[in-house]
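The structures considered in this document are given below.
Shared chain: chain A. Partners: chain B in the first complex, chain C in the second.
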Partner chain A sequence: MDRSEATVTTLGEMSSTRRRWPLAALAVSAGTFLASCASNAPQDYFDPAGPNAEKIDTLQRPVFYIAGVVALIVIGAVGYIVFKFKDRGQDIPEQSHGNPKLEIALTILPAIILAGIAVPTVVTVFDLNKQDDTECIINVTGQQWWWEYDYATGECGGVEISQPIVTSGELVIPADTPVLLRVTSRDVIHSYWIPRLNGKRDAVPGRLHTLRMQADEPGIYTGQCTEFCGLSHARMRQAAVALNQADFQTWVDNQLEPYTAPEAGTLAATGEQTFIANCSKCHQVNGIANADGTPVLSDPDLYVVSGVAPNITNLMTRTAIAGWTFDLINEECRDALWTASPDEFGAMYLAGVTPDCFDEAALRDWLRNPPGMKPMYVDPNNLDSTGGKYRGMPMLNLNENQIDELVAYLLERK
Partner chain B sequence: MAIIERPSAVPATVGAGGTTELVTPSRALGAYRRPVSTTGWKSWLFTVDHKKLGIMYGAVSLFFFLVGGIEALLIRLQLAAPDNTVLSAGLYNEMFTMHATTMVFLFVMPMAAAFANYFLPLQIGARDVAFPRINAVGFWLFLFGGIFLNTSWFLGGAADGGWFMYSPNSSALFSPSHGIDFWVMGLQITGIASLVGAINLIVTVLNMRAPGMKLMNMPVFTWMVLVVQFLLLFAMPVITVALFLLSFQRNFGATFFDVNQGADPLLWQHLFWIFGHPEVYIIILPAFGIISEVLPTFARKPLFGYKFVVFSGAAIGFVGWGVWAHHMFASGLGPVSVAVFSVATMLIAIPTGVKIVNWTLTLWGGKLWFSTAMLFSIGVIVLFTIGGVSGVTHAVAPSDTQQTDTYHIVAHFHYVIVGGAVMGLFAGFYFWWPKMFGQMLSERLGKWNFWLMFFGVNLTFGPMHILGMQGQPRRMVVWPEKLTGDGFFDLAFWNQVASVGSFVIAAGVLLFVINIFYTAKKKVAAPLDPWDARTLEWITSSPPKEHNFDRIPTVHSLDEFFHRKYEEVDTENGPKLVKVKTAEEVLAEEEANADHHIHLPSPSYWPIVLALGFPIIAYGVIFNLLLTIVGTALVLLAIFGWCLEPSVADDSDYDPPAGGDSTKELATLG
Partner chain C sequence: MFTTGSKLLLGATVLSVVGAIAFGVTTGGPAGVLGTIGLVSLASVFGFLAGINLYTRDGNVAALEPGVERTSAAAQPPVGRSLWPIVGAVGVGGLAVGAVSQPVVFKVSLIVVLATVVEWMIQGWSERASADRAYNEGIRRRLLHPLEFPIVGALIGAAVVYAFSRIMLSISKDAGRWVFIILGTIIVAIGFLFAAKRGLSKGTAAGIVAVGALALVGVGVASAVSGQRTIEEHPHISTAVCLGTATEAETEEIDDKASQDVAAKSNVISNVELTEDGRLVAFNLGTADTEYHEITVPRSTTVHVLFTNKTEEPRRLTVHLGTFPAADGTAGSEQADCTTAVNQDGVAFLTFRLDKSQAASTTPYRLTVPGVEGQEISLVVP
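Let's turn to the complex of A and B:
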């Protein structure tokens, strides 16, 4: 007994310095943690850019703080006890089996904290499932390994969409407008996630799920498929692009503009024929016609397991290809676009892939050997399990001239 | 199985009722005899001794731990740089699938089974488990299932659907290699091992406790193992059904998960996670049990709130069944289900928190001895707490829709599984090694082992919290430079730190392996009671004799062994604990009063033969159905052999005793 009292006195003398260290440790840990994060990470979900992500953020921040404090308290307590009760030759302690009152108290305390977390959690769950404020509906469909967007006709955030728009990779939405995505899949399960705008929602074949999507300001918000979906799961990416209402109107008008064939005699005109011969079995360009005037219609369901391939009518209005993985624009232009202020963003985005920004390397590589850039199931000798259909884009054995022609043709698709 | 006494030269004197009616089986022929070897490889192949089986479980699990670890290192190598090319996309998918499968099913679960097998009978004062041959078949099924699963690497590629194997990505259309077939059949085989093991240990605990060993006198490790066996008993059938559905879909054209036939892929998710969440507790509770033994021993005081710890363990066992859909918050269940499972998940934090608090308070006021086992146990408290509180953040469903399938989740469950379960198992290694092998693992190497693993875990999995929160999804063969953000501490930096950390963990594990060989080579006998321990397994010799106890101990209290050594003596400063007996004296007392007739089950040829039939059936399902007939025939033969073999070996099967001793009993008296 004497000895333990002596220990307490010694500790008492030292306590003035020691009392401050838990607080200091807390501050240092919290500071270190915050300073340890990357700045401007494009998919930081603690950096919300729309009301849905904002609601989640408001809910989760206190939870993370409480969790951090609880962890620090426990670790601090363990550290203190380990130091204080180290074997310094003291007697074997009393063989006490516990203290029921203390234990009941220590059971109720976390229960109260958790109840405090549970109530706002449930409220937010229902909040984020509301659908009655929707001003625009967009169908989002996942397939190996890219996202297709299908804009239904009707009003979208004050803009009239007179004909369906089918696009991929970049989800263009009106800013500051509650959009509802209807998410599904054509093959395996995928998951649609734009971290700065909302949490993720699985795209499950045979099921239709909804996901609220809203951005406060014009800008580009990146995301990735987050349900493991096979070989090229890592190369199934996407972005949401928010435009103000006028810019969104421009974008819609551009998407619905009738097809303009390349000027006769140009490289692009040869490219059109090359496209029809090699690409149009799967890829649709709206309005494209054969020499005799009959429309060229794609039949991807004959060749691809998911039954679709990206519609590339306006390919050059998007900044990346192949599951939004490989950039069509150079790094400089990409950085400028990604960091553009909300006021400048719309004009920059609507300019599309300009000659100054166009980085043809990725597109050329892709046309030359798609599975070499992005692993897919397209080996023609090994398609037994799919009955001869591809999962992804096969190698077309194009020669360099054909690639030149196609690039020239595709550059005009904007 | 019933234990029937062999006739013996020593007259039976046990029991007032008298066991004079001895069953002497008629002479059996050929293979229908029982093996009798007590040394050499045969003694291991045909053993039914829970201790030998425990050691084999441990050795094989450790091997698979190294395999799973190498897979993890390859994954971290691939992720050390943007758009890296160490592994191809297909190989990477196989790698993370098999890393998880190996670590969960071939390391943590069977390593816990190793400790349970070895120590549960010792802790309750039993001579073996209730069904020794079934115990043996469990081990062989685990071994053959594990080998079978890993032969997929050499037969066309391993499973590539992730350990959760979501449908329809797991169908033959989307995963045409045989990898998933191997995975399905391999898990079926190891699943039988878990299921029969569970039944065996439950019966053992309920029926074979020593006199006075009331349920609430049982050591916490035994309690936690018991809870785990009930979880296994109810969880394994669910995954078995799911796996059958999947294998019928892949191999025989069934359409359980075929959307075109009207199936809902969420069926698989529900089945998998109804198994998968209790599985989480199957993984962690044995480690909780181990550190609940280690902490009191090295704090020199009883576990704080024994009853609270036991009941919270049982509560986790119950509530663990009502939280599975928290793995599916983004699956599109609808707000009502999500809200319910969200709250239920928070509920389970309470009993888990109770345990942390009780361990911490066990240390309070103690006389702490920082042995390696103790360091690992304190490490578990710290690391599991971090994994626990990040778990609470996932319970907040809207937040989880951001976190799920990102590295934040990877960080969380690795803190729980590596920081909790694996570190707990390492505490068990250092604590029980002298009991199992009669030799002390080097404490000096052990401490290096601990600190490397402790820092390695934080270095590897700590940064993953940041990676996840800043938007890096998991199961990605590459991460692109353009999504890493700016600043020195960008995501590329943290990916590199995590990769370095994984090699620090590997160095720690390597030291453990070195320690094993170093200890084995040194051959220094351990003291009988090196830790001044508290529970029944320490009341016998190290390693224990084949029959465990010369006299079945009579139990008077929790921490029976401690109370045999220590008594409270009144001094002028009040009562004080004084050591009144050494462990050697306690053991001598037991030996002096040895039971006169000890019966043990005989070894058997049939468990290993029976188990061998299953991988043959599995290969048959994958490659040629004719093989399944061969495998089934072997299983049937083994079942007949099992039923027809005599209950004990015939006297004439034994070699003539060397010393002219007329006693040919397998288990001679101590």
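Let's turn to the complex of A and C:
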């Protein structure tokens, strides 16, 4: 092969490479575009399910369209110029400098667009901060890597809460009721976001931020911590569960029901003792007592950096554990619950984890090796920086019998 | 065979390696690891530079070039005397003294030795950088002044601040006012004289400033030697103060000139108000018009309460933090925290954190105002 042939071959390869670039760009663009067509997108903020999210949607759609048109114009202009004036060996086009009319127009037009966007943005920001119609206050506290919900005593959407309720993972709220969340954190900065119900709000230690939350209809609305908060940030999930008033009353009543000890002689009764011996240092089950009748009180502040561990009094009324990461119900039941109509949803949710739906394997795996399922700072040999305290749930080295007992006991925590 | 520069760098390499081994063997713990890493790094750098130097034959010109014995950079005599051997000797002496006395002496001496090494090496190099003496003098300034000026400036500033701080700590508070009023006046007066008297020579001005600086440092050293004055203990908010069992004398100083306003009023879990008619009520965000007598507080979470006193009497808000068994198993006593006394229409912040569930305490968590009977706000901690 002589030199000229080699040159032709190289140019041919370059030409082929150049042809592939537009195809690759087209494929990436098409993939991105088609991804937006996903039907199973529970955190789609273009699908608002409450008045606060609707206000955001009302604002973001025109902004998105305007920005899209501007982007298309700019990209189109750049593409046209690149193609039109690409080097083909032609003479350099006429060069001109300065066009006051065009420059003034190109300054005023964006200013008008920005001003036009700013007015509804400011109005929406103030609107979203409105609090005077609050009918329920719930404390939302983030820690590595789960959310805790404390229901303040008092009235919540027409339902009287006589004793505080502490739960985690799932924020249960009355539907069609303005709820005010008081968001804070116990360790690092987190951010609470249920995209279909409202925007996000940072949870900052020592500060208390408020966030309105309201769902139009009963249903489950999922979310995700949106501030990087350490090793298992991606596994810090949450959901808001909206129930109609009657169902919410049922849920509150159930949460406040006195503790029922397992029937003597059952596996669950053994599990209660296993729980007291292995889990109750950090996890509270309200009403649980020692054999002599003294209450078993958890002391997570002695063992965990954040000072708390999830209260699991009514664990089986929730659908997921461990920062709402691992399902307690199987896929079939979860799909049925998530796609239930507003009329059917409440009854299905209040049924809790039933034997038919129980995803026992997930709970067993979690009890067997928590750090193996969710990365946490729980190596007992490496806790110098935290004064011996854990960030997350450590390995408890439970044997299979103990796991059987605990599963039987926890299954009764409804 | 080996040029002067190569010998210097090879010697520094060997010294660093020996130092790293000696330090690593004699010093344990994280400091030993870090120090050894530092000295090994230093040895690597010196070794690398020595290698380059050997490879380039110390920048020597070809020996056969005519007149090279007169014109080459290496043939140039030193342009000035050097203080660095003396400074280095003082530093090494300080290292020895510091090693057996105070760590701070050792550290300062180490800094002196390192500075000497850098300065001496660059001076030695710059004096023979070329056959042009003026260029050689300039290149040293260009290299070292950007380092020397900020460091020397910072040291002078630190000496001034340190001297002032020692003086302020040694004289009484009352004397301090007068001393610094007079001193400030003198400095302003001298500055005014400098500005007004245009013919003042540079030497006179420098002399006055130097005398002032020496006086300052001298008085500072004398003050440091004489030691701090006796710092009086002020009473601080205690459980007794918060529970209203402290003496009037104890509370008087705490409440004297207490702030009656709060800059940041956001982030509160509740606004607590002692109303004109003596009721203690709480208002929550979002339900501003509803009066609460119970606040739910998340466990192990730092929370803030804003207290407003509408009564004529100065009042403080007390948070009762519970009663827990002592380490020896005895019943323990109730803990509390509180604001300073708040005058009418004044406000104060109260920050607290409750780590245990209310069930763990033998006394209830609550907010009260000492002296106001029958009024309290329950704190519910699940």
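The working rule: the second predicted complex is superposed on the first by the 359 of 414 C-alpha atoms of A that agree within 3 Å, B and C clash if a C-alpha of one lies under 4 Å from a C-alpha of the other, contacts with A are read in each partner's own complex, and residues count from 1 in each chain.
Following the convention adopted for this analysis, a residue touches a chain if its C-beta (ideal position, glycine included) is under 8 Å from a C-beta of that chain, and two chains touch if they have at least 3 such contacts.
The shown structure was predicted, so the numbers you read here are calculated from the model rather than taken from an experiment.
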Partners on chain A (chain B, chain C) - clash or fit: clash
Which of chain B and chain C A:R182 touches, first, second, both or neither: second
First, second, both or neither for A:Q402, with chain B first and chain C second: neither
First, second, both or neither for A:S96, with chain B first and chain C second: first
Partner chain(s) touched by A:I165 [first = chain B, second = chain C, both, neither]: second
Superposed model, chain A: greater residue contact from chain B or chain C: B
Touched partner set for A:T270, first chain B, second chain C, both or neither: neither
First, second, both or neither for A:F126, with chain B first and chain C second: first
Chain B versus chain C as contact partner of A:G206, first or second or both or neither: both
26-34, 404-412 or 422-430: stretch of chain B that collides with chain C: 26-34
Set of chain A residues, in rising order, touched by both chain B and chain C: 205-207, 209
Residues of chain B that touch chain A when the two form their complex: 88-90, 93, 160-162, 166, 168-169, 172-176, 259, 262-266, 299-308, 330-332, 334-335, 338-339, 342-343, 346-347, 349-350, 353-354, 356-358, 360-361, 363-370, 378, 381-382, 385-386, 389-390, 392-393, 395-406, 466, 469-473, 475-480, 482-487, 489-491, 493-494, 558-559, 562, 566, 573-577
In the complex with chain A, residue positions of chain C that touch it: 267-269, 284-288, 292, 294-296, 298-304, 355-357, 359-360, 380-382
Complex interface listing, chain A residues touching chain C: 131-132, 134, 137, 139, 141, 148, 150-154, 164-166, 180, 182, 184, 186, 205-210, 284, 295, 297-301, 306-308, 311
Residues of chain A defined as touching chain B within the complex: 1-2, 33, 35-46, 53, 55-56, 59-60, 63-64, 67-68, 70-71, 74-75, 77-78, 81-82, 85-87, 90-100, 102-103, 106-107, 110-111, 114, 117-118, 121-122, 124-126, 128-129, 144, 187-189, 191, 193, 195, 198-202, 204-207, 209, 222, 224-235, 305, 325, 334, 375, 377, 382, 384-386, 391
